[in-house]
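Two complexes follow with subunit A in common, the first pairing it with subunit B and the second with subunit C.
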Partner chain A sequence: MNDILEIPVFADSQSWEAWFRECSGTDQAQSYHAFKHITWPVGPDLDIYFYLVDHFNEHTVKEALSAIIPCAPCILFCGNHLYSREARPLNNMYRFYLSHFRTPVVWLTPEEFLEEKEIHADGQTEEPDYVPLTELSGRALKKAIPQALELIKQKIQKD
Partner chain B sequence: MGFQTDSIHAGQKPDPTTGAIMTPIFQTSTYVQESIGVHKGYEYSRTQNPTRQALEANIAALENGKYGVSFASGLAAISALIQMLESGDHVICSDNVYGGTYRVFETVFKKFNVAFSFVDTSDPEKVRTALTPRTKMLFIETPTNPMLILSDLAALAEIARAHGCLSVVDNTFMSPYFQRPLELGIDLVVHSSTKYLNGHSDVVGGIILTRDDELASRLYYIQNAVGAVPGPQDCFLILRATKTLALRMREHEKNALAIARYLEGHPRVEKVYYPGLPAHPQHALAKRQMSGFGGIVSMDLGSLEKARRFAENVRIFALAESLGGVESLVDHPAIMTHASVPREERLRMGLTDGLIRLSVGVEDEEDLIRDVGQALEAM
Partner chain C sequence: MRETFVISDRESIYRMFVTELKGIPVHFTWVGDMDRAEEAFKREKPDFVFFAVRDKKRMHNWLARYKKLQLKLPFICFLGHAQWDERELLWMSGATEVIGLPALRKEFRIIIENILKRPVSQNGITQKFEGALSKYALMDLIQSLEDGRQNGVLTLYNGDLKGDIIFNKGAVVHARLEDFEPLLALQMMAQWQNGSFSFEADKINHKATIKLNNQQIYRECQKYQQKYEKAVAAIPDKEIVFYTSPLLDWEQVGPQARVYLRYFKEGLTPVDFLDQYGNGLLRQAENLNAWIKNGWLIKRSAFNRQMAQLEEEQNRGGMSRIFQRVFNRQKNTGAIDYNLELKTTGENEDSDLLYRRPWVFHLWERVDRFNALMENDDE
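Moving on, here comes the complex of A and B:
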């Protein structure tokens, strides 16, 4: 039997679904109540299941993902912009996530937008862990996701 | 055959050596073989025991199933169900299940990488929301303990089937006399036979029932391989008790309904929970999927102090955990049986400090009502 990694994905637009399908080499996404499921057969012994969350509804996220999140290697937040305090749905979801779950998060953001780091009055930045994407495409995701997993692995080893 | 005929005869033949009408207690661990590998179908009592097999066939008939697989306790039976799964599988479970079920899932099986989501299964939409590609089992308890909330078994069986996952119902509270989930499309039924099936508060046991050949053979394998089998004496006692299951359940229900109605009109009782009362929010579902409402009544007396005084003042009802026996019991869930549920979670489901659960026995109705009445007055 293959090993399976389940990775919940929060993305700031519908377009990401196409890039995740391209990355996984499939045109199939199975619809569940709270997310779409895309399988990436990474190798002969490993599949990654991406769960692309449809509704940023806190209740639904808790009901649908409360058993998955603790077992996931990491959670992906995919946005055109890295996290900031601005009231965007993805930022709000990220804050909700941090207050309810502990599985590490990696942001995937196109590198061209990474300059916009927010520096607060107190001189602090709130930069989450992230992997820059060279472009918005399945190819770029295919490269970035193993990097994200590696980033988390190193962080856990350091702790 | 009718339920009562089955309860007395199913699985039981007079003993061929003596004609004894009652299945003997085969108190033996092993069986003599005529020659190597030549035997009468019995080799070792973990694998086969005639008293146990009689019990399994009997309860299978009562649940309108084909196979029964019995265990040393209800929790051993529930554990066997999870042992059918693989590491990595996901289970959706009613959020208001028996505390011991919650505990074995969360503290034992989670370590083996089986994931559990605790969901309000009284709302089928929430079950749909919780489904994932790795969901392999839907575990339902209905009605729940002690709030007596129902889940729609036909609807949930359909959701599970469409997703290709197993559906399981813990039918301990209703017994097959009032509810037969296999008839509604559920794959597996489990019981703590400690409760109504045995009914006399003198045995701890569990059993799983199914109609499916393949599931049954996997369960028999686990029963033998893991080895949490019941002893023949316990099997005999439960088998003796199922003969009067219908009689007892009718009396439990008659008394429970009378008490629920009495409490409903009593000024010192804030709220009564019993699926047989038209005021119960799921009374219509109860009438649809059960043929009776069972022997458990819960009520809210408003405060811990009042609940304590009530429990101290009853004379026939005994203050004890467990339920389903011929004697009436009173339980204070917040302190006794559900203390492990976080307070906030308890209050969300209405399980307040003033809540009392009655397991109504088969004593005389007038005596029970008088007892409850005097304890309420003394509060």
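Moving on, here comes the complex of A and C:
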């Protein structure tokens, strides 16, 4: 019986699934109604479960993940275009998320897109935490996820 | 479906149970040896426990450790060939049944089926019980129902309000109060000091809408109570009688506020209002504070002054009233600004946070382990 860390992931395209699979060293993803489940066996007795939501539907997200999200260490929002206008579906997810949950969020986005950051006044009250990705690949994700968890931990210790 | 923990150091035994007892409405979970089982019991309480180990010394050791946990769950011991006196010893230590393996398949199945058919709690509450909320705090009630692993509906009454809290084997799984979200409904009911309760046991497997465990619920309720008490403490002159301002334009007020403000028409203290009409909602206490600040609710002296002012206006001739209104518009200090309410309630961001699901993650040790593993990986 392995210990598990469950991390829900909201992504703006289906390509993220391939990168998360590469990061987890698996070529399998179980499909459920609202999300895809990828298991990453990190150590001999520790697994990470990613729940990938790439198709936004308020009802199914609430039904399927409302029990998991409060118990997750953090939520990952993965976007190629952070804050920009192309990222409207992901921003919609983010706004929906903010009004329903309190679990902290970390954004994962490629480094080059951090420059074109644009903060909209609507719905976003503070600048969220983000971890830049050196490239769009499983290897980069593998480095970024521990950073994201560390970020949240430090934030809590500060509070 | 009964949940059964199989405590054994061999997975093959668990597999044997799963294949041989197919079709019986029982779900088996292999929890490993006693070390692991102790961890598992902290997380979950099954309906039955199966101990399966060949070595008798080890069996007694495990049983002693199990007894220490004081779970009071029925358990069955599976041994290799055992003499009568050895079996007797296990029966005396509280085992529901002792079964020597290997056994005849059919016989084995019948024995297990009969044991599992018995009701889970024979000493559970079968009748209704009632009481007053002033004598029992809701949290204590929940705690005692959790200890007894009760299944049923706890109904609370407070004035005209009626709320339900639903239990599944001692765990709070749902709460109903008007149209409020289950967790918020529970937090509101936890603030009720007066009223009564009744509990009716049932055997229904209720649907879980609150996914937090009871400990997490206690924590959330405590946090809510602190905020509620803070909001009540912030109300000025709680013991003094307040009246609804006669200058108040009722059409400018929201429908819910109108209902509450009507109670103050004949004079009422904020404390009495919360006692008689309070539903435990944080926003209600905050609004009371805002209404007093904005002049919707006023003290007796101000009320008399405003009444006199109104009477004077009534007695004046129609033309002079219009002149007064038109030319004194800028100077009119008695007028009420209806936008003020939004500003004061907007200051408190916590009330918005109440409607969001709380963050209850606590397994930081796993995060540390993960980070350590990843660091080693890099090296």
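As a convention for this text, the second predicted complex is superposed on the first by the 145 of 159 C-alpha atoms of A that agree within 3 Å, B and C clash if a C-alpha of one lies under 4 Å from a C-alpha of the other, contacts with A are read in each partner's own complex, and residues count from 1 in each chain.
Note that contacts are C-beta pairs under 8 Å (C-beta built on N, C-alpha and C of every residue); 3 or more make two chains touch, one makes a residue touch a chain.
Here the structure is a predicted model, which is why all the values come from computation and not from measurement.
Superimposing the complexes on subunit A yields a three-chain arrangement in which subunit B and subunit C clash. By the document's definition of touching, of the two partners only subunit B reaches A:32; subunit C does not. Once the two structures are overlaid, the count of subunit A residues touched is higher for C than for its counterpart among subunit B and subunit C. When the two complexes are overlaid on their common chain A, residue A:149 makes contact with subunit C while staying clear of subunit B. Once the two complexes are laid over each other on the shared chain, residue contacts for A:72 go to subunit C alone; subunit B is not touched. Shared-chain residue A:102: touches subunit C; no touch with subunit B. In the superposed model, A:51 lies in contact with subunit B only, and not with subunit C. When the two complexes are overlaid on their common chain A, residue A:43 makes contact with subunit C while staying clear of subunit B. When the two structures are aligned on the shared chain, A:18 is found in touch with neither subunit B nor subunit C. When the two complexes are superposed on chain A, the residues of subunit A that touch both subunit B and subunit C are 1, 66-67, 70-71. Per the touch definition, subunit B reaches subunit A in the complex via residues 86, 88, 90, 113, 115-117, 119, 125-126, 128-134. Remark: subunit A residues 1, 4, 6, 30, 32-34, 37, 49, 51, 60, 63-64, 66-68, 70-71 touch subunit B in the complex.
Residues of subunit A that touch subunit C in their complex: 1, 3, 5, 42-43, 46, 48, 66-67, 69-73, 98-104, 142, 145-146, 149-150, 153. By the touch rule above, subunit C contacts subunit A in their complex via residues 31-32, 36, 211-212, 353, 355-361, 363-364, 366-367, 369-371, 373-375.
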